[in-house]
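One structure is given below, represented as C-alpha cells, and several questions about it will come after.
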Amino acid sequence: MEGHTRKLLTIVTEAAVEATLLRDIERLGANGYTITDARGKGGRGVRNAGWEASSNIRIEVVCDTDTAAVIATYLQTHYYDNYAMILFVSDIDVLRPEKF
Amino acid sequence: MNVIDPIILFFLLGLVAGLLRSELRLPAAIYEFVSILLLLAIGLKGGVELAKQPFADLLPDMLAVVAMGFFLTLLAFPVLRFVGRFKRADAASIAAHYGSVSVGTYAVAVAYFGSRQITFEEHMPLLLVMLEIPAILVGIVLARGVSRQTRWSEVAHEVFLGKGIVLLVGGLLIGWAAGSDGLASIKPLFFDLFKGILALFLLEMGLLTATQMGGLRRYGLFLVVFGVGMPLCSSLVGIGLGLALGLSVGGTAMLATLAASASYIAVPAAMRISVPEANPTLSLGASLGVTFPFNVLVGIPIYYALAVWAHTFVGG
Amino acid sequence: MNVIDPIILFFLLGLVAGLLRSELRLPAAIYEFVSILLLLAIGLKGGVELAKQPFADLLPDMLAVVAMGFFLTLLAFPVLRFVGRFKRADAASIAAHYGSVSVGTYAVAVAYFGSRQITFEEHMPLLLVMLEIPAILVGIVLARGVSRQTRWSEVAHEVFLGKGIVLLVGGLLIGWAAGSDGLASIKPLFFDLFKGILALFLLEMGLLTATQMGGLRRYGLFLVVFGVGMPLCSSLVGIGLGLALGLSVGGTAMLATLAASASYIAVPAAMRISVPEANPTLSLGASLGVTFPFNVLVGIPIYYALAVWAHTFVGG
Amino acid sequence: MNVIDPIILFFLLGLVAGLLRSELRLPAAIYEFVSILLLLAIGLKGGVELAKQPFADLLPDMLAVVAMGFFLTLLAFPVLRFVGRFKRADAASIAAHYGSVSVGTYAVAVAYFGSRQITFEEHMPLLLVMLEIPAILVGIVLARGVSRQTRWSEVAHEVFLGKGIVLLVGGLLIGWAAGSDGLASIKPLFFDLFKGILALFLLEMGLLTATQMGGLRRYGLFLVVFGVGMPLCSSLVGIGLGLALGLSVGGTAMLATLAASASYIAVPAAMRISVPEANPTLSLGASLGVTFPFNVLVGIPIYYALAVWAHTFVGG
Amino acid sequence: MEGHTRKLLTIVTEAAVEATLLRDIERLGANGYTITDARGKGGRGVRNAGWEASSNIRIEVVCDTDTAAVIATYLQTHYYDNYAMILFVSDIDVLRPEKF
Amino acid sequence: MEGHTRKLLTIVTEAAVEATLLRDIERLGANGYTITDARGKGGRGVRNAGWEASSNIRIEVVCDTDTAAVIATYLQTHYYDNYAMILFVSDIDVLRPEKF
C-alpha cells in the first residue's frame, strides 16, 4: 500500500444548514463529501430530537491540506458565531491521491 | 361529548413523559411520516372543497389573509424589540414565528370542531398556506433591511419549496383535480386514520414541548407572557377579519386560531438560514414551549367562544 | 375457524426467512413504530374497560399478580443456578426474564382469543403492567443482594419510565379518561389496524428469533428444555391463581399465558444496566429463541385447554 | 370516472417537486415500510385466489411466463449492443432490467383496472414472481458467459432470498394458507390502505424518477427511445402470449403490462453484485427515468386498449 | 488555519448503555459528544438488529489528552468486561481549543 | 493510558455491496467492523436516496498495519473500478491491542 497523505475534515453541525453548507464546501474546492445523521451535545445544548430544528449532521470531507485550511477558515468565519458547529482535521492515508 | 378530546390526552402524555425524562421518543422517520400524512390529508381535504367554488371568489380572502400575516408580524416586532428588549434579529425572528401559522394547531382545531359538529369554510387549508409565507419575508426584512446581501432566490426556494408548502399545496391540487369521488380509494389512509395519526403527532409534540420548556426557564418570564398574550391579541385580529370577510362562526373561529398559532417548522427552518444570528432557543421556546400547548389546551375553545360572542353581538 | 391464524404465518415467514439468511429486515424505525402502536392499542383497550368498574375491585387481582411475579422469579432462579449451573448473575437475569411478561405474546393471545370469541376479563392490560416490574427488582436483588451499590433511583427510572411502561400506562389512562365513545375517532388506527400491525410485528419477531437461535446452539440443551419447561410450569401457577381469583375461563387462560411468557424488551434493558455481568445471549436465546416461538405456536392453545380443563374439574 | 387517477397525481407531485429541487423526501425507513406493505398486499391477494384453483392448472401459464422472461431479455440485448453500441456488460444489464418486471408498475395497473372494474386472472402475482427471475440469469450469462467465475450459489441467494421475492412469495403462501376469511382480520391494513400506501409510494417514485432524469441527459437520446420503444414491443409479446394462453381481456392487458415494465429494485441489486462493471446510471436512467413514468402515465391505458383490440379482432 | 492539537476519542458500544455512558463521560470532563447509530460485529458477535438489545451506537468525544486518558481508563475498568465495546483515540487539529 | 498503535480503515461505498464486502473484509483478517448508514457525493455523483441502489454505507475496521494494507489493496483491485468507493487509513491508539 503506497499511501499518500491527505486531510480528513470532520464537521458536526445543525441539520438545518445542510444545503447551504454543502454548497459552500464544494465551492471552496471539495471533490466530495459523506454525511451521516447524528445527535449530540455541546456548548449550545442537547441536539437529539427527531425534527430538523434539533438534529445534527456529521460531514466528512477528504481533501488536501490547503483545501482543508480554506474550508475550515471559511466555516469559522461564516458559521461558528451563529450555528452549533464543531470542526476538526486529522491526517489520513489515501490510495488514489488524484481523487482528492 | 367529552370534556377533553383524547388527542389532547396524547399531547399531555408526551408532555408528562418528557418532563419526567422518560426515554420515550418517536423515531425521526416516524415523526416525518406522521407529518407528511397530516399535511397531505389537510391539503387533500381542502382541495376537494376548492373544486366546488370558483377560484375568483376566494381571492379576497386569500389577499386579506396575506395582509394579516404582514400585520401580525409587524405588530409583534416592536413589542419584542422595545418591551422585551430583544436584539433586532431575535425580535424579527420571533415575530415571524407568530405572524405565520402552525399546521399542528390547525389540525387540532379541525379535530376539535369536527367532534363538535362545528362547520367552517372549507377553503381554510388554502388560507393556511397563504398565511405561512408573508411572515417569513417580513421577518427577514425586519432583521436585515432590504439588503443586497440577502440571497432572495435562495429564500424563495427555501420558503416555497420547503416540505410543508409542497405537501400542502400538492395535496390541495390533487384534491382539487381528483374531487371527492376520485379520492374515495385513498380515503382510508388519509381521512379515516387522520385523528389516530394526529394523536401520534401530538404525543411527539408533547415530548418536544417538554424539551423546549428547559430553554424557556433560562430566558424568563417575558417570553411566557408574550407566548400567551400574543396569540390572544392575534385571535382578536383573526376574529375581526373573519367578521369583515363575512365568514361563518366556525370559519371566524378557525381564522382566529390560525392567527393565534405560531410556526415551529417552516419559519424556524427559514430563519435558521436567512437570519442565522437569531437564537432559535428563544423563538422555539416561546412558540413550542408556551404557545402551542396554550392554544391546544385552552386557546381553541376560547377562540371559538370569542367567535360566537362576536357573531352574536357584532356580526348579528 | 382456521387451524392456524394468519398472524402466526407471518411469524413463521420471518423465522424461515431469517434461518435462510434472507436480507429481509424491518427498518429499526418501523419496528419501533409498530411496537408503539401495539403498546398504545393494548393500553387504550384496557383503559376503556377499566372505566367501567370501580378501581378498588381490581386491587386484589393487581396485588396477586405482583406476588406471582415475585414467586415465578424465585421459582426459576434455583433451577437455573443449581440444575443449570449458571453463574449467579446469569441465573438471576434469566429468572427475571421469566418472572416478567412479554407484551408480544399477550398480543398474540388477544388475537387468538378474539378470533375464537373467547372472552376474558378486560383489565388484563393492567395486570400485564403489574406483572412486568416485580421480576426486575427480584432479579437485581438476586444478582447483587440489597447492596448499597445498586443505584435504586436509576433502576426505578429505567423501569417505570421505560418506553413500554409509559406507553401501556399512558394508553390505559387515556382509554380510561376518554371512554369508548371518546376513542371512536382514533379507532381506525389503533383498533382496526391492530391485527395487521401485529402481523408486521410478528414478521420481525420471526427474523429476530432466527438470529437468537444461533446463540442458543452454543449454550446447549439445558436452555431449550428450560425455555419450554418453565412456561409450562408458570402457566400452571397462572391457572391456579386464575381459579383462586375467580376469573373466567378466558381470563384464567390469559393469566396463564402472561405467567408463561418471558420478557424480551423491558427486562433485557434493565438487566443490561443493573446486572451488566449477566450474559444477554443466554437470556435472550432462551426467551426469544425458545419461549416466544413455543408460546406463540403451541403454548397459547395448551394454556387455554388447561384453563378449560381446570374450570371443568377444579373450578366446576 | 376520472380522466386521471389520484395516485398518478401523487407521482406527478413527486416528479415536479423533484425537478424543482424541493427538499421533500420520504425517509428511507418509510420508503421501505411502504414497499413492504405493497409487496405483502400483492402477495396476499394473489395467494387467496391461488387457493381456489388446482396448482397444476397454473403450471402452463407459469412456464410460459418464464419463457417470456428469457425471450424479452434476449430480444433487448442485441438492440442495445449493436444499435445502441453499449458495452457488453451494459447491454446485458439493461436487457435484464427490461426482461424482468416492476412491482410498482403492476400495483398501478391493479389500481387502474380496479377503478375501471376490469377483471383479470387472479394468479397474476404468481406470474409476477415467475417473471422477475429469469431475466437476471440471462443477463448474467450474457455479460459473462457461463463462466466458472460466477459464484452461482451467491447469485441464487441474492435472487431468491432478496427482500422482494421473499415478501411476494411469503404473502402468496400466507394468503393461500389462510384464505379470504382468514385474512379478514388483517384486511384493514393490507387491503383497505392499499391505494393510500400506493399513493405515498408513487410520491417517492416521482422524486426518484426526477433524480434519474439527470443521469439520462448525459447519456442521450438512444436510452429515451429505447425506454419507450422497448415496453411497447414487449407489450405486444405479452398480448400475444395472453391470447395464446387464453387469458381474459384484463388478464391479457395485465400480462402486457408486466412484459412492458422494467425492474428497478431486484435486477439493479443483482446486477450490482454479479455484473459490477455495468454502469447502473444507464439502466436506472432508462427503467426509472423513462419507462416507469411512461408506463404509469400512458402505457397502461395503451396496453389495455391493445388487449381489447386484440381480443376483438384476433381472439374473437 | 492555526490548529491546536486535541484528541478524538471514539467509542462503539451497545445502544442499551447510552444514558449511563453519557453521564459518565460528562462527569469525567467531556464538554460534548456526538452520537451516530451503528451496527457491527466484534468479539461478542453480530449486533445489527432493529431493537435496542442488539444495536450499537458510535460516540465521538473531542477533548484534551488528559481527559481522553481518564475516560478511556474509566471505560476500560467499568465497561469492557461486561459490554460489547471498542474504543480508540486519534490526534486531531481543532480551531477553537478553548471549547474542548 | 498505555495505548498501542493500530490502524483505522474507513470505507465509504454503495449499500448494495455490503454483504459481499463484509465477507471479503473478514476473510482478509479483520476481527470486526462497524457500519453506519451514510449519503454523499463523489466522482460517481450524488448518492442520497432512500433506496439501496442510491445509498451509501460507511464501514470502519480497526486492525493492524498489515491487515489494513492487505484489505486496502484488495479493495483497490477488486472494487475501485466498478463501485462508488473511497477508502482511507489513519493512525489510532487502542487499549486492548490483542483484540485487533
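In order of appearance the chains are A, B, C, D, E and F, and numbering begins at 1 in each one.
Just so we're on the same page, a residue touches a chain if its C-beta (ideal position, glycine included) is under 8 Å from a C-beta of that chain, and two chains touch if they have at least 3 such contacts.
If you're wondering where the values come from, they're calculated on a predicted model, not measured in any experiment.
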Chains touching both chain A and chain D: B, F
Any chain that touches chain C and chain A: B, E
Farthest-lying chain, centroid of Cα atoms versus that of chain A: C
Farthest-lying chain, centroid of Cα atoms versus that of chain E: D
Chain pair with more C-beta contacts, B-C versus D-F: B-C
Averaged-CA centre spacing for the pair chain F and chain B, given as whole angstrom: 46
Centre-of-Cα separation between chain B and chain A, whole angstrom: 34
Centre distance in Å when chain E and chain F are each reduced to the mean of their C-alpha atoms: 19
Multi-chain contact sites of chain E, meaning residues that touch two or more partners: 36-37, 90-91
Multi-chain contact sites of chain C, meaning residues that touch two or more partners: 23, 26-30, 32-33, 188, 193
Touch relationships between chains, expressed as pairs: A-B, A-E, A-F, B-C, B-D, C-D, C-E, D-F, E-F
Touching residues (chain side chain C, partner chain D) in the complex: 2, 4-7, 9-10, 13, 17, 20-24, 26-30, 33, 111, 114-115, 188, 192-193, 195-197, 199-200
Residues on chain D engaged by chain C in the complex (per definition of touch): 27-30, 32-33, 36, 157, 161-163, 166-167, 170, 173-174, 177-179, 181-183, 185-190, 193
List of chain C residues in touch with chain E within their complex: 25-32, 154, 204, 207-208, 211, 215, 264-265, 268-269, 272-273, 276-277, 280-281, 284
Chain D partner contacts - residues on chain F that touch it in the complex: 14, 16-17, 20, 37, 45-46, 49-55, 79, 81-83
For the chain E and chain F complex, residues of the former touching the latter: 10, 12, 36-43, 48, 56, 58, 68-69, 72-73, 76, 80, 86-91
